[in-house]
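Structures for review follow.
Next come two complexes built around chain A: one with chain B, the other with chain C.
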Partner chain A sequence: MSTVKQDTRLRDILGTSALRPDGVAKVMGSFSFSSDMWAENMLWGATLRSPHPYARIISIDTTAALLISGVSAVITAQDVPGKATYGLISADQPVFASEFVRYMGEPVAAVAADHPETCRRALAAIIVNYEVLTPVVDPELAMLATTEQIHPDGNLIRHQRIICGDPHISGNITVEGNYTIGMQDQAFLGLEAAMAFPDSGGNGVELHIATQWLHEDRGQIAACLKLPEDNVRLVLGGVGGAFGAREDISLQVHCCLLALRTGRPIKMQYSREESFFGHVHRHPAKIWMKHHATKEGKIVKVESRMVFDGGAYTSTSPAVLINGITHTQGPYQCDNAVVDGYAVRTNNPPCGAMRGFGVVQACFAHESQMDKLAQACGLSPVDVRLINAMHTGDKLITGQVMESVAPVERCIRETDAIPMPETLAPNANVLEFPGGSGRTADRHNIVRGIGWGVSMKNLMYSEGFDDYATARCTLSNGIASLKFATSEVGQGFVTLAPQIARSVLGVDDVVLETSDTQIGSAGSTSASRQTWMSGGAVDGACRLVRERLFEHVGKLHNIDPIRLMIEHTDVIDTIGTFRISVAEATQGITLSETFEHHHRKTEDLDANGQGNCHVAFAFVAHRAVVDVDVELGLVKVVQIATAQDVGRVLNPLSAIGQIEGGIAQGLGLAVMEEIIMDNGRVKNPSFTDYLLPTALDAPHVVAIMIEEAEPQAPLGAKGIGEPPCISVTPAIIAAIRAATGKALSRVPVRPQDICL
Partner chain B sequence: MSESIGNEMYTLRINGQDRPVKDAWVGESLLYVLRERLELPGAKGACEQGECGSCTVLMDGDAVCSCLVMAATAIGADIVTVEGLIEKDPSMATTADVIASQITDVQQAFITEGGVQCGFCTPGLIVAVHHLLDKNSDPTELDVKESISGNICRCTGYGRIFAAVEAVVQVRKASR
Partner chain C sequence: MTVAVPLSLNEAFDALSRTPDARLIQGGTDLMVEINFNHVKPVDVIALRRIKELRTWQVNSNNTITIGSGVPYQEMEVGQLKELLPALAEAARTVGSPQIRAAGTLGGNLGTCSPAGDGLPVLFALDAIVHLQSAVTSRELSIHEFMLGVKRNARHANEIITGVTVPILDGWQGYAKVGVRNAMVISVASACLAVDKKNNSVRIALGAVGPTIIRCRDAESWLVQQLDLTTATSIDTTIAQEFGRRVALESKPIDDHRSTAEYRRHAVGVLAQRLITRAYTS
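Here is the complex of A and B:
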């Protein structure tokens, strides 16, 4: 009887909609975000930033600031004891600018004081004498050798070609276009914040920080502080979203320096305005693309030239560029290609990681092209994509063979089968019209349009990088403890990890230990990689512990361990004569194992862009239905239909959350989100002027998850975070084109692009 | 606190209690005072302009952005923060289960319907949804969307948040 009960009891194992373990704290307001930290005797830190996009620093006078009552420290470049620069790929970004400031908002000095208002007054009292220079803001000009090089490393961050097949081949039909992608901000809600505690004696520091990758941060911080890495301990502070904006160093080094200088805990947190200057953005890009095809619409060759504006410092630009150019073909078969990609340094804000990482830009171009191709061949948007759909085993333009499950055709067909939304009712509420609560639209000017987007996205890091993940599992008295340095940024790894342990070990109680640098690296929470990588590490550690458990039980009960298995919460033997609960079997003993999960090796691209540079891929299709007020140029996205290749669904509730959330960000890029630049100056660093999708902008999402387990993936599951935000953007633009007949070659689409 | 900043002293009525505020600079926002002086960090700061709603609290029954209210002007107002929504006897809250059993139906629905990811917008949304349902027990889908359109969520795309509100409305209707 009790066995039957156990069989039917709902356990939060893999495949269930297990709930977030941090959910109760988050809804009660008691979850500790990094900005919620407070310490006895703490001081506030704040940063002085350049008002100019490009200038020479003649002098910095901190005397007056130091005289202000309540100010404990003012630091500049000369107070950095170690390496003066940091960076994810190339350490080319100064902790504080000393000779030149190269973008508006670049840090110049930092202060510690007793109150945020005292900090503000101290910053205002620092006198920086600048010789203002003419900024280099056009990447096309910047990359020329004749243009002033604004950094000792030069203005060209990276150039990479791809030449595949016959570069001279042509097709009966050619379509081409120039496409522009604006600068999008990650706009996480939880602003940059940290608290640094100095060790007594000043030989070390503990930093509580909202970040995507604790170990990478630690390496960069320790070098700047000139401290051994062991003396710099990082603890994950509660993270209020990330989306790529927490991969680079922001306030980490400043906060630690102030703590070491004052000997007191330092709290730093950015305002929204400062946040726009304090983290990297999505690269604005200009892309020319040309497709050659047969008259039946089959792609023969793709040509492209992509220019990514990297801004003043390298960040992840080289990797973003490679993602962009290696995804030129999209999820389509293509035997011949000529692609040139450039990542360029300018005096614009540094750009780096954001959800979709280079593929968003390429996808807007290739999907706009697919619609042009469809039109040129007299095909429907669906048919042109089906004719060209990629399959497992196809060779990519890099020469790499598509080894991942590639259900592109299924994604398209299943999306196509999703019912269309109702037409806009004659008596519809004005809130449902384009313009929403602005209540400006006229019913008679509203035209509906439908558009498509399909995409391919690489998973994990590329080009030979071993972004492994580490996890430790400890099993004792029926309770499993998991330790990893994986950053929970909202995606739900804290939900998934216990699900894995329950499935593998037959326990119900799982404790998550603090995420910090007291264990090996987990790699970054980015590149749709943590379910695969940290999930693989947790799974591996739990499996090792399970082996030890079977050895222990086998020895005690004289059973060959190979005959033991877990059934629900029991250890049983394969012939069903022996049964003991995991809780009972682990009374008084502790079994602990650590596991590192490494993905398969990848390699660099050669001079012609050939090489097995990516680990794996995921696919998705989007169909957008929009209503457009063609007079006012306003857009309402009515419905997004999507079928996404997920490998295996490990938590349906988490998965739909990723899909809907990603779609909203892709919608933002399509119709409203852009950091507007004017000669190196950011014009809209606030939520009043940088528009984000609200509840009234949210489309009705109808999602299908296509489950074809990925053999390479430890849990059969692909990463699902990035694909939702990639092809939804071109799908929405295609729908607006269908409604308006306008060419629309840039995102975001602005009202004037539609109605003028 | 340095002399130059000032040292105001006043009392605010928060979650049914009189809370003295000492040594404050008169320019401090209600959000700052709640978070940094009164140990009520539930309201979050994310835009300082009243655009994102993360700092939403109730003031005399109205949902307001506490980042836009100067704390010293809130004297005499009845303020409710997310911490005050819990029907609880704090002395009883000794285990996680007890705490969980004391959360409101709206809070529970946000968890079970997947309305929480990073959670930074959550406290503000919880307050906003309580405010909506107090005023309108049977809101239409558009009522819900409009009433929370001042609360930005960057993670969820709002779908699971709508589901959470809908779930609360249905349960409340059934129990009437």
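Here is the complex of A and C:
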């Protein structure tokens, strides 16, 4: 764990480690998460799920369930008044399965009852007759035209090529490999939960929900409910983490339907086990990659074939795929490329957004390749990366020019300069050894390895999507209040937004209004985008209000507003002596402005994968030092050194939190986190067997934040949420390879992969 | 659901005779998980936590220790219990998290009788005696007769496990457990080794590699023939390796979502080799 030096901060403006307003409440257990909501006269809702990965539904009999005393409603596909399906990109996922269930855990019915236990009994009393079918679980097979198509839209969700430069060129040196990435879960701690309040008359509903994007949810819910969007109001409930798993609809429509059906407030919440079935996961992927290079190690061409298992429904698979293939080159110059990407439908659980969004998979492959290239050319892992490092102005394999600040070289050099950890001391604490509290290793069983990973990650949404953000600022009597629909999922926007207002407006007191759909969209809290997008919107709204303030003060005191500026908490005349506090200047008046921040336009990719499809990019380097018990295949990640391209640090404490958290999540994918599938069945839907890193697994993190302000970004700051978790995974695996000499082409790496 | 909270064993037996189908709960770290997963729906529960007799331990005159079934793991990790039973202390340290070790007990580990239970290999290596009592009977059962299979034991429904008795041995002892993360993990394979210098013997018991804990009698008796366990101060690498190989042969692991049979067999061999080496290096 790192510590952030806490300078005496007089005012919580941009650049200070302002503390989270909800921090103490969360630590003390008094913060109200969505699952803590309660309402007078409420009922509980619960979902019946398919026990089969693939089956035809022959009949559903709800009679017995309805007879149970305390049960108010049982609903199935027939009870969906509007659109029967939903989805972020393609509406191909049924609210309730009617003809077929296509993955284990797919919702079939929902009940409302007076108690969770009554719900459980009601679910058990629903009789569903299934004709069990053989699931299609191998994406390679699934994409063949000769294989049974498990959905009317077909099994191939998307195929996209990238052809760049000379597809036939080669180099003196070629290296290739096949890589496998397992299915990771976002494993947020605050489980899915919502409360729906029906409007009297049943023409509308208010849903309090833990989500990443209120407006997108609203659109999908309204369509399924067949209500005008205005009649569906969403309010952000307390969110306990997201990492992509709250982008898709889970219980939203079910909860609203039950509320409208019963006319009573409905509370729904998933258990941990249900949560594993209730949200999408990270795409498992198989990647073949081949690099052609000069004998000096300069990349000439990259070739790749990527297959992403999308599971039963589309979710964000097409976008995840595009992220994967457009990051094939990694943060390296590359003039020639041939890449084929496939996102495929199977009877596995649906996969979608998770921190890193397709780039995680590509990065594991390209970084493994860079080490192979280094070896083939007799270069060090650092040198091969420096020789190939991308710079601003370089052309990407999509033809897009890298316009972002691209301090790849600096990330690598500064990471390289971070001191190595001490070697294991003779009196080292055995709990710090690989195997930890299991006391498996003695000192002489341990071999230390060092590995590298460097990544590039796009920021914001791509391919022509205008994911704008809206904010309103109201200034009155020295108090600023901010309104936006931005989801706070733990990333710290509730800390940042007031910092922006304080900096721009010279106020100290900032009130955050409820995040809900009573204002324009903020876009999703994902794609490392909210600091840039909602931060830009809040900044824009505050600046408009500041202009109004200067006009007001100028008029009153006969000063050209252009001469006025904010200094600390005062409005001052830059060429005179006039000074008035913002509090005094805004006594009795109210200034209010709304601002929408749009990023620059992007384009679709053409048939050859060419087009300016991304908005901007961020870079990071990771160096992992890992102790390995070679004989037992157990590991301890000792240190992660990292230098991250952040643009500008707006809150050092928040930034280090993102970096350390991301590293822990990337470590999880490297050595333990995996949803284990067996012919379409999830084998480990609980924290007993889905392992997350503990304090004894977490490494010492030494982080450097590289501040080169990004001209495109409203606050100069790049998104920092995703990069920490991307290249740390290959860095850790490279370190294990260095310690063991094993090829290790799969993550998570398992003890038997290392030692057998 | 009724919950009886007896303050003594006698009160507990009274409760048990009133509600013979009641589930006993000690630390609740197994039972509550089962309840939360809806695997069991007890109508009556008898909570044993307030029974002082079960939460104590004592050294007996015949060089043995009796540990009450309600003593939490955290007490085994420290102090005199750690000094006298170092293998138990190490096993206790590997259990769950601090919260789990504050609540979890040997009584519960025995009650559940999972082959992955971390207390059990120690009890098998030490040839523990399990004390079982009902309102009218009291019996002592060897741990080898107590554990019958995966989550099956010889306890009668009207009995309470009151404690275990284990010998205080002269000789090194230790426990090692392989899991896929460095703390709070269910055992993939584990081993407890205890040297009994007085009887010139070594005992090794394996966890999570068979339907019950496995004592490796063949490997044990092979080792006795290789060196004098009472006087030896070091051990040849080749002997340690061969010991490991023989231990691995006695394991009966399976493939499941936590690991593979092949890895488990390999791991217990490595653990055995390392434990015996530790025993003769310090």
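By our rule, the second predicted complex is superposed on the first by the 746 of 756 C-alpha atoms of A that agree within 3 Å, B and C clash if a C-alpha of one lies under 4 Å from a C-alpha of the other, contacts with A are read in each partner's own complex, and residues count from 1 in each chain.
Just so it is clear, a contact is a pair of C-beta atoms (placed from the backbone, for glycine too) under 8 Å apart; a residue touches a chain by one contact, two chains touch by 3 or more.
Bear in mind the structure is a predicted one, so any value in this text is a computation, not a measurement.
Undergrad: Is A:M672 touching anything from chain B or chain C once the two structures are fitted on A? First, second, both or neither.
TA: Second partner only, chain C.
Undergrad: So, does A:G435 touch the first partner chain B, the second partner chain C, both, or neither?
TA: It touches chain C, and chain B stays clear.
Undergrad: Among the partners chain B and chain C, which is in contact with a greater number of residues of chain A?
TA: Greater contact footprint in residues on chain A: B.
Undergrad: After superposition on the shared chain, which partner residues are touched by A:G165: those of chain B (first), chain C (second), both, or neither?
TA: In the superposition, A:G165 touches no partner, neither chain B nor chain C.
Undergrad: Kindly classify A:S35 by the partners it touches after superposition: chain B alone (first), chain C alone (second), both, or neither?
TA: Only chain B is touched by A:S35; chain C is not.
Undergrad: Just checking: does A:N445 make contact with chain B only, chain C only, both, or neither of them? Give me first, second, both or neither.
TA: In the superposition, A:N445 contacts chain C only.
Undergrad: Name the contact category of A:F243: first (chain B only), second (chain C only), both, or neither.
TA: After superposition on chain A, A:F243 lies in contact with chain B alone.
Undergrad: Quick check on the superposed pair: does A:H115 touch chain B, chain C, both, or neither? Answer first, second, both or neither.
TA: In the superposition, A:H115 touches chain B alone.
Undergrad: Is A:G399 contacted by the first partner chain B, the second partner chain C, both or neither?
TA: In the superposition, A:G399 contacts neither chain B nor chain C.
Undergrad: For chain A, which residues belong to both interfaces, chain B and chain C?
TA: 271, 273, 431, 436-437, 688, 693-696
Undergrad: Chain C touches which residues of chain A in the complex?
TA: Those in contact with chain C are residues 120, 271, 273, 431, 434-440, 442, 445, 631-634, 636, 671-672, 676, 678, 683-684, 688-689, 691, 693-697, 750-752, 755-756.
Undergrad: So in the complex, which bits of chain B are touching chain A?
TA: 1-5, 25, 27, 32, 35-36, 40-49, 51-52, 54, 81-83, 86, 96, 99-100, 103, 107-108, 110-114, 116-123, 126, 142, 144-146, 148-162
Undergrad: Per the contact definition, I'd like the list of chain C residues that touch chain A in the complex.
TA: Residues in contact with chain A: 33, 36-38, 90, 93-94, 97, 174-186, 188, 190, 257-260, 262-263, 266-267, 270-271, 274, 277-278.
Undergrad: Across the complex, what residues on chain A touch chain B?
TA: So the residues of chain A touching chain B come out as 17, 19-20, 22-33, 35-36, 38, 68-70, 113-118, 121, 186-191, 238-241, 243, 271-273, 429, 431-432, 436-437, 489-492, 653-654, 656-657, 659-665, 686-688, 692-696, 698, 701.
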